[in-house]
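Listed below are the structures to be examined.
Each of the two complexes below includes chain A, the first together with chain B, the second together with chain C.
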Partner chain A sequence: MRRTVIITLIATLLGFLASVPIYAAEPIKFGFLHSLSGGVGQVYGIPDQEAVKIAVDEINKAGGILGRPLEMIARDDKLNPENAIREAKDLILNHKVQWIQGTVSSAVALAVSAYCKEAKVPFIITTAQSAAITEEKGHRYVFRLTTNTDTYTRSMANAAAKYWGGKKVFIIGPDYEYGHKSKADFMASYTKLVPEAKIVGELWPKLGNQDWTPYISKIMSSGADFVYCSLWGGDVISFTKAAWAFGYFDRVKHCGQDWGGVEALGKMGKDIFPKGVLGGSHYPYWIIDNPISKAYWPKFNKASGMFAGVSVSGYTTVYVLKQAIEKVKAVDIEKVINAMEGMELNTVVGKLQIRACDHQTLWPFWVGPVAVTPDLPWPHITNPVLLEQAKAYSGCAEIEALRKKK
Partner chain B sequence: MRQSLAKMDWSGKALGIIVLLAGFLALPIFLPVGWLSLVTEMLILALAAGGLNLMLGYAGMVSFGPAGFYAVGAYATALILTNTKLPFVLAFAAGPVIAALTAIPIGWFCVRLTHVYFALLTLAFAQIIHTIIFEWYDFTKGDNGIVDIPLPEILRSIPHYYYFSLIVVVFCLALLWMIIKSPFGKTLQAMRENAQRAESIGIPVRLYQLATFVLSGFFLGVAGSLFCGFNKNVFPNYAHWIKSTEMLVVCLLGGIYNFFGPIVGSIVYLFLDKVITGYTQFWPLVLGLIIIILLLFLRGGIAGFIAERLALRRRRGEQA
Partner chain C sequence: MTLQGLVIQILSGISTGMVIFLIAVGLSLVFGTLRILNLAHGALYMMGAYMCYWISSVIAQFTGAFWWSLLLAPVGVAIFGGLVEVLLLRRIYDREPLDQYLLTFALVLVIGDLCKLAWGVEYHLVPAPWPLNGPIFFMGMPFPSYNVFLIFCGPLVFIGLWALIRYTRLGKVIRAMTYNREMANALGTNVPLVYTVVFMLGSWLAGLGGTLVVPTASAMPGMDMIILIECFIIIVVGGLGSLSGAFLGSLIFGLVNAFGILVAPRLAVAFGFILMIVVLIIRPWGLMGKAE
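Entry: the complex of A and B
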């Protein structure tokens, strides 16, 4: 009796093992490493994952890549570099992924980038913005398919000068590197446009600050011409709620790169929102006239129940790799990287190129005043201005010099 | 009769440890590198938790801030390796020494308090360390951490680093074992049971507690230095209270009144983390449930539970 049971068990197991390869050609695996839990996960990681799922579905339905299906292995970096490296190792060493994409925290992106450089596996950043990762710390295995902090601050400075052009600037930002770097970069760009501009006050709340009242009253009594604000994510929402009660947006000119994205504004209603604030957007689909975009955003909205935003970078990245693998007709990392360098892309925002010198995609960044119009259910940027790519990104020679200095 | 039983027990334990060590030595032969990397992490976390448990389980000093010393060890090694040309061995040794030196003034303040006040003060000091690392950009690179730490060529491969960690961790655990079995260790346990009584028979309790604090800081520093070389980068959240909680959970999971508790805890914790995060984003929920079950049903942790069972069986054997 016992023997029969064992034999049956072994037979079933063997049957399972034998049946696996019959199903399909071996899939091409890639790692999706992003913040999938907590507030940041809700705002950035989850939408990105949904966008990537759409791309994988589309590609697999159309026959895969070189006849092989595509498989995403998703992991939560928990916004923690140490954890991210553990997951990246697992993805590369145990799952043999061909590339890793994602990440929102710049510290996480830096850590994963350093590991991928050693493991010789491409890492494509879809959300994290710190320019240093592709500039002085750039290397063969790191790519970025979104804007970076240079674009952010230069585009904001350009728009602030065009719309307002005041001399007295007030600064508020989260008290860590991103905030301080944003301030320095913004002022460097702005003083080129308005040479007499000066900082009249600075405030550095903690990331995830709860009580905005003291900050708001300080800004309102400062007499500044406008405020440059690098707060992002949940801080944008909580600041707006607090400031609205003071009539802040009627009296203060306020600008910031993260104040125009669907990530923050999509969560606000028509009654309380940062009225008139100059905000930025990676993908203002309501003004983009492009067949790829027109097919993408309704599909994303239907599949995820969310509005399309910066997460489109995740979607685009999957297609970049497909294009590169098909171009070299091989799933070979080194050849694929060579193909990606300087590659022309057809994206939702039009034709783009992955620059060969620093692997940065020159993604555009629109800046305009936030308003409510009848055609969209939530506040969004209107009449945006777009800084030309050559001015929004550092040039190859500049980056070369930065890397040498290091 | 009883003596010979005890002897047999000893030789059995020695045999067990030898088999275990041989198993660890042979691991790289059949384990894929991905898993080997996880085992290395388990070893390092086991050492950190073991260092904490000297204080927690043996001296009864509940610290909420072990990650502070872990981070000091990691950052000391990282900063020396990136800023100076000193050899790796020196940079590595500097980590635990600087962690222990940091533990002296902090411990001096902490041991003046008891129970929850002690716990809170350790937490406060660890958060101060975290803030210093987080804010001091010019020196520690702030929240960007220090990446790309240069290691000697021989330690760059995962199996090599595994062997290096194995040697360091086994050596340190043996040291911890000797400390615990020494008169000093016995005194700590007496203090844990009743500090006032210990004091009344002439034990300088605060001095002993300070010594424990510094020793614990030293071993946490070793773990931090090891992890710095393992990951080749360091980040401020090594000092964060979440990291401290992780170490506390590992100790509780394995059992704080058993020497092997932190080791078992570390293996189970990281294994669960790896397996569960592969399936769901709700790892903290599962972790929460595990902690609840532990506190309600397995007060002695996993190692404590096994030891209890073994003792029960032995007693039954003796009776029969």
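Entry: the complex of A and C
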């Protein structure tokens, strides 16, 4: 009798142990590495994290990936490449993540990209824009699921030529790599469309400039046909403020890629806003007619209390990985990368493809005049134009030539 | 460049200069009397900007919310300054200058973090108040009417301070202490009280500058260091502790900055420093300062 009891107990115990993996499958882990503190964190990192949480939640409620739950491990890169690498190492070596996604600073993205190449773990950029990371410095383990500086400047040049077509261009931008590169790229594209165009003046204020009065008065008396501006973040806000007091937007045609989305204008009122500026957006959900988008943005708004913007790239990335892992039916990194190359995606902005040659998704970029309308509580782009994707990005042959030169 | 453009650029320069004057003069006044180079002056200015944003958003439903905060925010900063003087600065007047720098620099960090805790790291906007929220026209060129108001604020404060120092008892004591501190002490002035009052006045000026600047820019982290550097340039150019020097220095700084942007924009960030170097070579004690 006693023996039977013991045997039954042991058998039950063994049965229970054996059944554990079935009931609680080992989670698939991934690293979310983004700027989560400071002003940049507020505007880019935190919304992205909220969007990714929604994706993870949706996937886990629907049974996970290959029956395994998905687990996000979030880390703050603090906008610092060294710190980012430290976190990436920890994520890969100690947590064995299947992939890393995120980053907003191109310098951080570049550093993480180099480390992921060495560690042979996929890194998917969801915010950082410098084209170089996927072009001349691209490799097998880096992907990008957002726009890059090529689209930014080409789409803007295309829209400026369509809407205005002026010949005298005035340049203003932050005095570092991004501002100067934006100017060169914009002029290269614009002069293809308006060959006689030339620069009549340039201004290079420092990032986070406070007093815009002398800059604005100079632009207003320059006699330029329009202004191309690569200011971003807080500078968009303080410039707009100072320019509004001048009546600038009634007199000057002004365009810039960072002047149209929720990131720059989401907190701006209706009394002061960049009226009539040609601005850009990665995800103008208010004009996108697509069931995935229509399901996504109200959900994001409800969950986070924020408006949807470029953070949608983080959300989409999680689904891309799900799709790739399910396609190869394994959590094998090399196989997953092969599956991602050339993969067709159904996204919030429609059907997209991850290009095999450089792992860049040909994400569209909308450019249109900024206005206040009754349907949104913040100023936003209206009547946008969209540049054909093949023209908005560098071609595979161009990129290959760039890589050889390096 | 048209004539109208030039006029507007000059006005821009003057309005930049007048705002900086409001802030630099407080720094200069505190140094002249207390003999402390208050590195936290920029932080007090930032505090004024945030307080203005805070007060005017709390009472936004009232008409003239900004004008109320213009009245209240600098007073708030002055009270904070008074506490700082009584609780901290008072203990280190006899110490090495290095100790004073360390203490006031620590204050920069503390105030910076307090502002971040209270108001976050976003940019906060305060719209230009009615009736100064549109442009006015000079020879057909628009210029913000609020900036015209700023241009008048500078001389107004200058005259006020000048009258205070020239005609009041407090002014007499301040002059006496600037001229010969030991003698003033020996003659029985209530030195601690005067120090507190002067430091509060300096803080009030910093807060006033911060409040006045918000409608043209925004309240944001980091604005304290930018202004502090500009204030240093001005007191070097004008002469440490000199009221008229601060006024002249600010005016020159504003104009040089505006013309720098006009003529050689790539070098614009350096013009203030070039001005400072030139003055240091020609008159190391500043334009209105006295050679020691």
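Note that in this section the second predicted complex is superposed on the first by the 383 of 406 C-alpha atoms of A that agree within 3 Å, B and C clash if a C-alpha of one lies under 4 Å from a C-alpha of the other, contacts with A are read in each partner's own complex, and residues count from 1 in each chain.
Keep in mind that, in the parts below, a contact is a pair of C-beta atoms (placed from the backbone, for glycine too) under 8 Å apart; a residue touches a chain by one contact, two chains touch by 3 or more.
Being a predicted model, the structure only gives us computed values, none of them experimental.
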{"item": "Combined model on chain A: chain C and chain B, fit or clash", "value": "fit"}
{"item": "First, second, both or neither for A:E263, with chain B first and chain C second", "value": "neither"}
{"item": "First, second, both or neither for A:D185, with chain B first and chain C second", "value": "neither"}
{"item": "Chain B versus chain C as contact partner of A:E87, first or second or both or neither", "value": "first"}
{"item": "Partner chain(s) touched by A:D150 [first = chain B, second = chain C, both, neither]", "value": "neither"}
{"item": "Which of chain B and chain C A:A111 touches, first, second, both or neither", "value": "first"}
{"item": "First, second, both or neither for A:D77, with chain B first and chain C second", "value": "neither"}
{"item": "Closest approach of chain C to chain B (Cα atoms, Å)", "value": "5"}
{"item": "Those residues of chain A which chain B touches in one complex and chain C touches in the other", "value": "175"}
{"item": "Interfacial residue positions of chain A with respect to chain C in the complex", "value": "38-39, 42, 175, 201-206, 208, 210-218, 220-222, 234, 237-238, 241-242, 245-248, 251, 267-269, 271-272"}
{"item": "Of all residues in chain C, those that touch chain A in their complex", "value": "1-2, 4-6, 8-9, 11-13, 15-16, 19, 120-123, 125, 127-128, 133-135, 141-147, 213, 216-218, 220-223, 226-227, 257-258, 261-262, 265-266, 268-269"}
{"item": "Residue numbers on chain A that touch chain B, as the complex places them", "value": "36-37, 41, 75-76, 80-82, 85-87, 89-90, 92-94, 106-107, 110-111, 113-115, 117-118, 130, 132, 137, 175-177, 180"}
{"item": "Of all residues in chain B, those that touch chain A in their complex", "value": "32-35, 37-38, 41, 134-135, 137, 142-145, 147-148, 156, 158, 231-233, 235, 237-238, 274, 277-278, 281-284"}
